[in-house]
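For reference, chains read A, B, C and D in written order, and residue numbers begin at 1 within each chain.
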């Protein structure tokens, strides 16, 4: 039976993680290693300045006083004698669409699994209600990953519309859209009179064209985006070389 | 005169930031917005669950009780009436090579600048000694970015060997190498007898081929890697579609 | 029916809090406001540099992304239309004896209740096993506080031996002992070669005389110590005045 | 020459700490061990769940990635071969009056020194302007502590009016006043629509009678309050015993 490592960024007590666990129970031996509290927005942070505590919460659930990436690292290297076959992260409370993936701890947990040599899936529900729908999506993908052959070291970013399973219109392979830059911060005063600045939400999407994850979700489809972790902009290597030649 | 926004992840008091500031003084109007303490490894984290304090430390230096990405967001949206022309992050104390860029706060600060619509440069010294060398590299790139035309919304990851300027062999355009997965964690006991786990360093590089940043640094060259922030693995869209068709 | 506010420092998911809740259910209307994660050792810290999130976890349990003192402040000022009659903190996983009370978040939660004008009880189990015993102690004290008259704004620090209820030898009113100074730190190296220092545990008690809380626990009694929050050393006012007169 | 250990809670870069250092230079051999960032309000927190990094910033200044109490513990046990003779904490940016002392990191640093067996002084400026005045007060107390005999393991909480030295009316030995309970929290909404709660400042003092620290400062005097760290409410031992006898 396959070994499935589950994690998330909403913390070990999050309902989305519980829903993922229950949906995947029939599909392998499960271990859960998740942050001891909400670490949304942790991105790929790894904790290097202190050692981590790994707490056994029984029933195969472990918590770590660290980030989602810390959890996957310890889940792969510390909890089992053997490495997991697949890492599944989520179900995130809220979507991870477009440039969200750069900031998301859910996606980071999957990326860490992929960096450590496994295929990985990041699962997000674009809302907070129909976790069961997202659980069924996760089960169908994980089941298929077993019977079909997912290319090795695949990294899939999956977003699920927040609606009943019967209202899901299908699955779409998408590219990431782009939310665009956030608005100006919201300036407030604390009760002692000091200025503070809240980072503002993005007002409207800069790119949500028909082949994007935004468009798929909007139309009621599950969005599946293959991700890479190589940030080299290969197409620009030549241009930068030209620019550098002129410089020197 | 151009407006240059400087940030880093080692904190507002770091010598590398001071060296960058001094090297760039002749090249524009400078503003520094940096974390109030060491935030190395913060990756792209943005602080969304609390408002941020922006402290004016005089002489154009501001500190923020947040992450490198927070600093750039506030630097772009809060400190100036006009947007900066260029974001420069660093000089990091230590290299940001290969898959380091996924975890680095220095690179994240530059990425945030790029996401907000500007060109950006991440500067790292592969060591902790010759900040002056890295300062000269920064000055030559920023000077060139003015006279030549850096493509809009460029994002450059620059690493500098830790040696005197006279021993720098030149500049190379590179792709990112790959450190490979970290080793097993170092298990220790705290003084109260509880197990703890340190994330281990990477033992040896998995990909440091001749065109990588690793190889350039090893040979004594400044390494310049153009980065992208679109994580879509476009080449895999077709494969994943095939896999999905078989699934459904 | 009385309104009982419960909190702790081990976090909203801690078994000791659950045991306290169940033991006190018959004694009043309960509200639980506790940290979202383990905040042991937080002492009296209040969070003043950011606003707090209060999350309703259903069944009268709320969590706060802050310290134990934050929780009691919000529990008194935000959760109910009326103020609670009594604040009970715990059941702490481990004892709070002697000078522990200066560092303990459990005691701090009770102190905050007392500072806000209520009587308060800090409950700790000197171990991690017989929470049920400590629950029965809490129930008997809270029940008595109703029928008898606990002096207004009392603050009691209660420690319970980690043994079955049948083996508890009785209740003792005690003064705080004194653990004495901690030993030298344990010096370790992190995996990157940097020195780090763990604060060491205390080797042996400096004052555990017969009337102390240490002695009561050692002998199998529940220890009850009345605490004050006025730190003025009234007995020294005269001496310091003499010293000051000589100075000037 | 005496060994003086300096710390604070505003962080190693704070102007108040610098002013204290300069004022005390003639009075002994100085070592500074202070938090790497602002840790105001840390109270007596000690860091037990991770090892601490102690960074030598040259010139006798060290920083610690921990709390004020952590700093004093490491300053006493790690930086010198011999123990310091006196611990001085501050100069805090703002007063520590009345029940502030329960929450203050400045006072906690002094308390930690006293718990480790030394006399200790907590210095606070009731404002942010005349640090030099507070420096002169510190110098006169430390100078006197040498020539006269401060009782062993004394703990003094010193507050200085924010005015020029020439306008200081003298020194007063005081007891702590009492600010009283904080007002209701300030409820705000974050930019994503979620409720948040700021802890409110105290509206007016509940006890600022003529012999209190509040009154001394108001009248332009330096306030000196001897503190204790034994929280036992000795006067209540008898009453609680009576209450307990009725209970059982």
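Throughout what follows, a contact is a pair of C-beta atoms (placed from the backbone, for glycine too) under 8 Å apart; a residue touches a chain by one contact, two chains touch by 3 or more.
Chain-to-protein mapping (UniProt): A, B, C, D = 5'-nucleotidase SurE.
Values in this document were obtained by computation on a predicted structure and should not be read as measured data.
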item: Listed pair (B-D, C-D or A-B) duplicating the A-C contact set, over half by residue number; value: B-D
item: Chain separated most widely from chain D, comparing mean CA positions; value: A
item: Comparison of A-D and B-D by number of C-beta pairs in contact, larger one; value: A-D
item: Intercentroid distance (Cα basis), chain B paired with chain A, Å; value: 22
item: Geometric centre distance via CA averages, chain D-chain A, whole Å; value: 44
item: Computed distance of Cα centres, chain D from chain B, in Å; value: 39
item: Overlap residues in chain C, where contacts from two or more other chains coincide; value: 48-51, 53, 65, 186, 188, 190, 192, 196, 198-199
item: Complex contact set, residues of chain B against chain C; value: 49-51, 53, 65, 186, 188, 190-192, 198-201
item: Residues of chain B defined as touching chain D within the complex; value: 13, 36-38, 48-51, 65, 190, 192, 196
item: Chain A-touching residues of chain B, taken from the complex the two chains share; value: 40-49, 51-54, 69-70, 73-74, 77-78, 99, 101-103, 108, 111, 115-117, 140-141, 144, 148-151, 154-156, 170-171, 173, 175-176, 178, 181-188, 190, 194-199, 224-234, 236-237, 239-241, 243-244, 246-248
